[in-house]
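Look for chain A in each of the two complexes below; its partner is chain B in the first and chain C in the second.
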Partner chain A sequence: MERSAVLTMRRAVLLLLLLFGAPWGSAGSQSVVLVVRTDSPVTDLDSVTVRKLFLGLPVLINGRPLHPIRNRADALLDQIFLQEIVAMSQTAYDRQTLTGLNRQGWLRPSEVDSGDAALGKVLADANAVTFVWQRDLAAHNEQVRVIRVLWSD
Partner chain B sequence: MRVSRLLFVLAVLLAHAARGDPLQHEFLLLPSAVVVGTYDRQSPETQIYDQVVQADALLTLQKGPFKLFGEYLLSDHEGDLERFQLGWQMSSDTVVWIGRYHQPTSVWNHDHHHGQYLQTSITRPWIDEWEDLRGALPQHFTGVLIESAHEVFGNWRLRTAAGGGVAPKLTNDGMEAFDLVHPDSTRRMGYQARASLHPDEFDETGFGILVAADALAADGLTIPGGVGLDHVDLQLYGAFGAYAGESWKLTGTVYHAEAQLHYPQAASRGDSFWVGYVEAEQRFARDFTGFARYEQSAGVADSPYLRLFEQFARTRYVGGVRWDFLEHEALTLQLTNSHMLNGHFSDVRLQWSAALF
Partner chain C sequence: MNSLRFRLIGVVLVINYALAPLLYLGVSVIVQRGYAELFVNSVRSFSRLTADELEAADDRDFEESAARLLDGAMLTGQIAFAEISDGKRKFHSSIPVDVTVIPRPDDFDFGDHGDQIYYISHSVKRGSRSMFLRLGFDERPTLESITAAKRRVLLAVLSFTLASILVSIWLSAVIARPMVRLREAAKRVAGGDVHTRLQMSSTIREVQDLTHHLESMRRELVGANERLASEIREREVSELKRLELERRLLHRERIAAIGTLAGGVAHEFNNILTPILLYSQLALKDTPADSARAKDLGRIVSAAHRARSLIMRILTFSRQTDSQGVTVFPLRSTVEEALALLRAIVPTNIEIVFDAQCEEIRLSGDPSLVHQVVINLGTNAYQAMQRTGGRLLVRLWVAPVRATPEAGTESSAILEVIDTGHGIEPAALAHIFEPFFTTRDVGEGTGLGLSVVHGIVTSMGGRISVESEVGRGATFRVHFPVAAPGALAAVVEGS
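Right after this comes the complex of A and B.
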């Protein structure tokens, strides 16, 4: 009941941000994409695996764990992360990741505050996975690979 | 070589095997402070600290599929390396640990561990109390723990945990877990397993069973009547369930214990008892959460094993409210009425707890 209200509020905030908050709101469609380095062993990640990854659960490819990078470049991206990727409120997300750390020593996803920083981490680590605005990829098209589209307006 | 040093050496060797992977770390501090007042004291045993200030520190170092995980609890009454484990993440769903771990058949402890902030009530069920707080079941073992999860029946998940290792020993001061820093050799082994089914990957709702066979050496222990004790074979069977809704949470566990007390003269005596609890929690507006827990037992009055733990609560009523007044900080007020093997008392507690990371 409470969680439903929170999610409804989040959808409303997301809509308002889209309509009024984002300066690029009227500049055409936009997307959030999941990306890895070009030579990453990752070929595909379904939505459940993406959720596991960003909740801090171990996700291994070829015996090596993937390293999730949470991109907190702007408020809209945060809303999309909470609503579309992990499907919970920030409070519930904090509790989930703390519980995972307490129970099994799971690492929380590292956080960066810009798309460039997120892409920088991906370029430095073949097992890193992050999400960015598609428009942020313009300067990195040859170096990163899009795994899937997570959200588009 | 001390187990803690052995784990450090192994960690360094395994880190070499994971070269190319970045070294990652995570640190979490869970501080808390509680004040306790007792009243209606009709029991000779009410050994409750009237205030406790503590900090539970968790540290994970991970390189590739290998990780070193530790939990150190420091309070104004004790300082102890509670967990110290070297882990190998075999797959996305299976991890193998060696070191000192919390045994998996205590559902409460395996879920909450020592951090006060991550549990709603201030106290844990008495049957799951830690050894150094006069707990009646062994909780800390040093050996191997394997935790796993598998998809079954469509989207359902089967979560399992199995462990085996050096067990705590019985002393005149209660049970004493194996100390990684000051190891001794007068101990026996214990084995535990737990399995539970959950509707999906992320759901806390589920139900399961547990079983344990632990041998507890007695070290200089003299039981009431002046008789010495050699060791106790303790077998545990149980079932548990949880429902985690959007505003409600219900959890419950029932244990059946069979204890065989062995005396130096080769005589032995057996007994068995039941212990269980059910807890309900409901979240309210403005970040308030109410909780109530009922703990009950059967066959405990004449149990020679539980006579080793005079503070054992055969019945207990717990109720209270938690207020998450700031992000990652909470205040909790709890009332408790405990009926021991030889009397009863009540207490009121107020706790501040937090998570710093």
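Right after this comes the complex of A and C.
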């Protein structure tokens, strides 16, 4: 009884997010992609490296560290990040990054609350790496480069 | 229902009924979230590792590697669906899957979609090829674990509730029992049984303190009550003494007033009587003895003598007579002499008993007055018994030495004259020492006998009292002050 009520509420929230929080829903297929600036030295990142990067571990390309930027534009994007990139829950992710920060001195990825902000940071930093909805790239096609598709519905 | 015990139990029940569901719900949510978190972390890690392995698989035998990987995943027993697709082809595990499972978009939270399968898909990049790994994890084992955990939580909450109710019943009994006993004991005390001790055996310090204070209060009340009762008794006794003293004072003042009046009148009569007696005696001398005039004069002289005797008795009562001489004399022998005279006039049906319970006692004064006191009291007694007969008891004893504020120590000789006659009416007792008061018929008595006794005793510094009940006789008690050892010398020097 109680469980079904909780599930119903979650479904309602997800539905609302899909309907109002995600206007791209009507555009058909949607994907989340990992991007860097066009002139970035990063050419390819395998899934393990991406995971390391967003867990705060230092990842060096040509001797320079990459700067991960966590895009928290919406709840679905957050869940995709947790499931596809770091493969853990938010609690576990927080614990992991804080442990890394305290024990190893790793830096937590910086966070932004919109796709434009994430792309802005990428455009400003050749070593920055972020993930965005593919539809958000329309205005920046020439300035950013997609390294890999992280998720597709 | 208003008792302490029921209230305590009621409060615990209310608290339990209010908090137990909240506790159960709260713990259930925590348990469910914990299991869900564990599940999500596990499946995300597993699927990620599988995808990473797939991504790193060798290109030459990729299909075989993919099939082996999917089989391995299926063999964990926790995966209901496993698939790899590259847009054109789909690879499945060689282990048959549940045909009812229909793949759908990804889950991002435990329990989404309600089909009890958690779907995750990962993109796998192999060179220029992109493919997707899709896994469906069975949520049922975790759901069953959650249900079992919730059941254990429910059991624990119910056990806790039951235990707290039992503890509250026991605790309420422990607290209420001594209070109930204390109340019963306090009721008995309030009902008048003030000697019921308020004591309880309780391990609760507050109850012990309360009992101790109540017992102290009871003792204080009992003590105050006894002090009050004692004070009331003392006041009643002093009030009776005061009334008695007041009565005596009034009586004495009345007797003194009567005595003064009677003494004054007696003096005047004595002055009038003196020439009558003198001249009638002179006239009698000059008259032949056998003449009729001599007889008349003799009657006048005789009557004058009787009048003088009466006047002397009145003067004696009013203490205006001249004493024959103050001396120290033995009381016992004086009383015996008077009784010897009395025996001569008392009828034989009256027994006279003299009981002297002391050695010879010496008084200071005129022995003839004491003689008169005994004769008058004896006469009064035998007249009360002369018709029926009886016993006249004369007792002589010495009262214990008592302290007086005026003279230090003083001892009294008590002379009691006790008869078994008809007794004296209570109304007459108050007037019995007044002159001319008599209960006898006219002509049978002058009413001066007891008033004369009163006057003599008072003049000797003593006092007289009477006790009587109608039909049971009367007791006259005379207190004479005993002469001090040096009194004889003082008397001799004075004389």
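Simple rule for what comes next: the second predicted complex is superposed on the first by the 126 of 153 C-alpha atoms of A that agree within 3 Å, B and C clash if a C-alpha of one lies under 4 Å from a C-alpha of the other, contacts with A are read in each partner's own complex, and residues count from 1 in each chain.
The rule is simple: a residue touches a chain if its C-beta (ideal position, glycine included) is under 8 Å from a C-beta of that chain, and two chains touch if they have at least 3 such contacts.
Quick caveat, the model's predicted, so the values are computed rather than measured.
Chemist: For A:130, select first, second, both or neither according to whether it touches chain B, chain C, the two together, or no partner.
Modeler: Neither chain B nor chain C is touched by A:130.
Chemist: Once the structures are superposed on A, label A:48 by its partner contacts, choosing first (chain B), second (chain C), both or neither.
Modeler: In the superposition, A:48 contacts both chain B and chain C.
Chemist: A:153 contacts which: chain B (first), chain C (second), both, neither?
Modeler: Only chain C; A:153 stays clear of chain B.
Chemist: Determine, under the contact definition given at the top, whether A:84 touches first (chain B), second (chain C), both, or neither.
Modeler: Only chain C; A:84 stays clear of chain B.
Chemist: Quick check for you: in the superposed arrangement, does A:71 touch first (chain B), second (chain C), both or neither?
Modeler: Touch partners of A:71: none, neither chain B nor chain C.
Chemist: Have a look at where A:60 lands relative to chain B and chain C in the superposition and call it first, second, both or neither.
Modeler: First partner only, chain B.
Chemist: Is there a shared patch on chain A that both chain B and chain C touch, and which residues make it up?
Modeler: Comparing the two interfaces on chain A, one with chain B and one with chain C, the shared residues are 2-4, 48, 51, 91.
Chemist: For chain B, which residues count as touching chain A in their complex?
Modeler: Contact set of chain B toward chain A: 21-22, 24-26, 28, 30, 58, 60, 62, 64-65, 67, 69, 85, 87, 89, 91-92, 95, 110-113, 115, 118, 147, 201-202, 246-247, 283, 285, 327-328, 355, 357.
Chemist: Where on chain A does chain C make contact in their complex?
Modeler: 2-4, 6-7, 10-11, 14, 46-48, 51, 76, 79-80, 82-84, 87-89, 91-92, 148-153
Chemist: Quick check on the complex: what are the chain A residues that touch chain B?
Modeler: Interface residues on chain A, with respect to chain B: 1-4, 48, 51-52, 55, 57-60, 63-65, 67, 91, 94-95, 98-99, 101-108, 110, 125, 127.
Chemist: Can you name the residues of chain C that touch chain A in the complex?
Modeler: 25, 28, 32, 37, 40-41, 44-45, 47-49, 51-52, 55-56, 105-106, 108-109, 111-114, 120-125, 130, 132, 146
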